[in-house]
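You will see two complexes here that share subunit A, one where it goes with subunit B and one where it goes with subunit C.
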Partner chain A sequence: MSGVEGYMYPNEITLYWSVLIVLYPYITGLVAGAFILASLVRIFNVKAVAPTYRLALLTALAFLIVAPLPLMFHLGHPERSPEMYFTPHATSAMAMFGYVYMWYLMAVLVFEIWLDYRRDIVHLSQSTTGLKRLLYRVMTLGSDNVSPHALAIDHKVGWIVTLVGIPSAFILHGYVGFIFGSLKSNPWWNSPLMPVVFIFSAMVSGIAAVLLIYMFTAKMRKMPIDMPCVDTTAMYLFYIFILDFSLEMLDLIHRVYEADESFRTLNFMVHTKLYFSQIVLQICIGTLVPLLLLAIVQVTNLPAIIRKRIYVISGCLVQVAVFSMRWNVVIGGQLFSKSFLGYTTYKMALVTKEGLLMAIFLTLLPLAILWVLLKLLPPWPDKELAYIEAAAAPTT
Partner chain B sequence: MSLFKDAGHLFRFAFLFVVAFFVFLVVRHFVVPKTFGEYGHYRAAAIGEIAAHPIHFAGHETCETCHADILDVKKAGKHAGVNCEACHGPLANHANDPSIAPPKLDTAVLCIRCHAVSAAKPKGFPQIDPAQHSGGVPCETCHQPHSPAIQTGGAK
Partner chain C sequence: MNVDRRHFLIMLPAAAIAWKYVLAGTPEESPNYKMSDHWWSMLIDIPKCIGCGNCVRACALENDVPEGHFRTWVERYHVTDWDMVNPEVISPDGGKEGFPAAQVDDNGKYFFVPKLCNHCADSPCTQVCPVGATFISPDGVVLIDQTYCLGCAYCVQACPYGCRYIHPEKKVADKCTLCYHRITKGLTTACCEACPTGARQLADLKDPNDPIHAFLRTHNVQVLKPQMATGAKVFYNELDGSVR
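Take a look at the complex of A and B:
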């Protein structure tokens, strides 16, 4: 049989978890990572990355809206999805995701964004016209109280929401790792380190994504890039990336040293079918190269233009690494037989509802949603708005 | 009082949540079947509904009451453990009214369902590549399905 080597049980020959199941943890990871970056400003008081705060929240929201779609396209019957809310099954981790998702979406992200933007929303509801005015008026919930005391209350409540949001972000993405790590039937997935590795790789991908989006939007708006901001973001990216890489290597070393009955099979798989996606893409190109580049920035005094280019290259490579990691986990875990005597091949479809085009569409969709959110709720700092107004004002 | 006044918008947001939760409960009341959860995480009424479905299979004991001669042949062959309706299909109608003839089977298609070659099957299981083995000729030309071994020294 083409694509099958050795002995496979009949139900192992075809992979049922496709590229969309790779995309799902990747997207939720971006959400959790972007939120953690936002929490740096709010909870850990890292002032330097403040220009990315609102952008990070909107990025998290845009990706979170899309997060369930890969699962829905994979499973089909989206009309059945509300059933996990109506008849929740408490012993199923997958079923509980619905509640984790809804909690994170409504009680954390939407609430925090609303609190942070309330002053702007009230101003916009008074300064715009037509449908936009109506929309903003709805978003004010009929309250235009932006007194200093009201805003101070918002700030305090927002701090609490972010504080609650950090463990929520960890639960949201830790749960995704837990789904894989708790599967004792699959030695490629079964590891208590899996949720932790997923959380740290999520932070890495989310921070890198916000860094890229911040630099791209600044370029598009012809605004100067706040170098202390991107330098500090890149510094956090570097440190968290080191932690993430160390944890992944710890997992690897543990597997090599433990060398249980599955080891020969998994080792062979890493050296053959997963060689390009794991060794070349994930570890060498996606991890070691950006780590080296970011380390150079930390120990040298490079000019801003070089640093910016390094951040863009590193940010893109980090996305490659994290996507490859998701790919190697999801696809890799299905390539070998439970008999440890055979391997199959994943043949990605192109135009089916679980094909490559759908995966590309679902990757770009959050960016389109983010574009709408940026138009609706501009996240740019006040000093930038003042800069734009001054530039647009007629000179006398 | 100023705390309540300046936190009024928060109460509005909380009120939205309460309304959404109430709507959820109302919708849930109407969409979740009444008997859901009675015995377990499923709709209890489904048991009765499934039990009320017409029976399609007669069961091999029913077949044997009339077709004892076939049973004797089958018992002696490799297909002794295969139930009649596994090949012949559900025949409750025929059992209730023997004048309803069972559908004619095409052995060129039927036998391949089990005997097409596959690496996943145990080595001892008889399996063939139909194109090479018979070139599309119906299996019953050589094999008697109720006892498929060819008696004159051919394939088992």
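Take a look at the complex of A and C:
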């Protein structure tokens, strides 16, 4: 049979979890990571990364809105998906998704963004006209009290929401890892480290994504990049990346040393079918190169222009690494037979419901949503707005 | 129609056979079937299996199994004494049309292993279903409510035995039902009925008169992948250690 080496159980030849299921943990990871970066400002009081705070929240929201779409497109019967809310199966890890998602979307992210933007929304609802005014008036939810006392309450409640949000972000992404890690049928997935590795790689990808988006939007708006901000963000990225890589290597070394009944099969798979995506892309290009680059920045005193370039390159490579990691987990876990006697091949379709074009569309969609959110709720710090207004004043 | 006595007598035996099959196709109703009185399982007697593929064909016909997917299949193992843990296994088209001739000049051993859903008492597939569309019935059969299944394929991933697939047209999970529509009417499964050697036997563990009890007491019987602790209920007589 084409694409099959050795022996696969006959029902295993087709892969049922496609590139969309690769995309799903990648996108939720970006959400969790971006939120953790925002919490650095709010909870851990890291003032240096404050310019990314609102941007990180909006990035998390844009990706979270898209997060369930790959799952929906993957389902054989998406119209039945509400059953997960109405009749969830208590023993299923996957049944938790609906609740975790809704909790995170509504109780954490939307609530926190609303609290943080309330003053701006009230202001905008009074200063704009027409349809925009109506939209902002709806977004105030009837609460237009922006007295110092009211804002102090907003701040306090926002702090609590962020505090609750940190474990929620861990649960959102840790549970995605649990879906894979808890399956005893599949030795490639079955590991208690899986949720932890997923969380750390999520933080890495989310922080890197916000760093890239911050630098890109600053360039687009012709604003100076706040170097202490990007330096601090990159420092956090570097240290969390070290933790993430250490955990992944711990998992790998453990598997190699333990060498259980599945080892021979998995080892062969890593050296053949996953060689490019795991060894070359994930470990060498996506992890070691950015780690080395970020380490150089930490120990040397490079000029700002070089540091910026290093951050852009590292940020992009980190995305390659984390996407490859998701790919290697999801697709890799289906390439070998549970009989440990053979391998199949994943043939990605192009224009089908679960094909490449759909995957590209779902990757770009959050960026489009983010663009709309940035227009609707500008996240730029007040001093920047003042700078823009001052720069615009002489010409008008 | 003009039938003379000669033709009538020729057609009579054919008609009798046809009538017998009509009767066989309409089994007695079992209004008194009580699920709590049964705990279904299956016995596979490996030395008796000849790899004819009758069971695979009967199953496909009975259950309208889509092409390229299998509710049951037969594997042929070739185990050599110098590499006993890495057998050579084949199952061309699930063993539906039998197997190519084996090479008999080497020192290995050949045997057939029919596979099907193990109807596990602690099944990982039912555990992971997000909406409970797959469940174990009170009589011990793992079933799927295909009008409720989302088609997420989590159960396919969770089955350690590769017994599940997504039906290409219905877009829902599908697998062996142990011919539930037959066994609840007092019939045996299509695969057991089609097996020419009696290598497959439907068994009711709650029936004290079922010969399975004597068989389990007196034979070397195991389940597949016991380390998975799934409570598998398909029992294999003389199961070789190399079988996965």
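The rule we apply is simple: the second predicted complex is superposed on the first by the 392 of 396 C-alpha atoms of A that agree within 3 Å, B and C clash if a C-alpha of one lies under 4 Å from a C-alpha of the other, contacts with A are read in each partner's own complex, and residues count from 1 in each chain.
We adopt the following convention: a contact is a pair of C-beta atoms (placed from the backbone, for glycine too) under 8 Å apart; a residue touches a chain by one contact, two chains touch by 3 or more.
Just so you know, these numbers come straight off a predicted model, no measurement behind them.
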Subunit C versus subunit B on the shared subunit A, clash or fit after superposition: clash
Which superposed partner A:S339 touches (first subunit B, second subunit C, both, neither): second
Which of subunit B and subunit C A:G142 touches, first, second, both or neither: first
Which superposed partner A:A150 touches (first subunit B, second subunit C, both, neither): first
More subunit A residues in contact - subunit B or subunit C: C
Contacts of A:R80 with subunit B and subunit C, given as first, second, both or neither: second
Partner chain in contact with A:L183 - subunit B first, subunit C second, else both or neither: second
Touching partner for A:H89 - first (subunit B), second (subunit C), both, neither: both
Contacts of A:I160 with subunit B and subunit C, given as first, second, both or neither: neither
A:F97 touches, of subunit B and subunit C: first, second, both or neither? second
Partner chain(s) touched by A:V372 [first = subunit B, second = subunit C, both, neither]: neither
Residues on subunit A lying within both footprints (that of subunit B and that of subunit C): 7-10, 13, 87, 89
Footprint of subunit C on subunit A - complex, ascending: 7-14, 16-17, 71, 74-78, 80-81, 83-84, 87-89, 91-95, 97, 179, 183-186, 333-334, 337-341
Complex contacts: residues of subunit C adjacent to subunit A: 68-70, 73, 75, 86-91, 93-94, 115, 124, 126-132, 148-154, 156-166, 170-172, 228, 244
Subunit A-facing residues of subunit B, complex: 2-3, 5-10, 12-13, 16-17, 24, 27-28, 31-32, 36-37, 41, 118-120
For the subunit A and subunit B complex, residues of the former touching the latter: 1, 4, 7-10, 13, 82, 85-87, 89, 106-107, 111, 114, 118, 140-143, 145, 147, 149-150, 153-154, 157
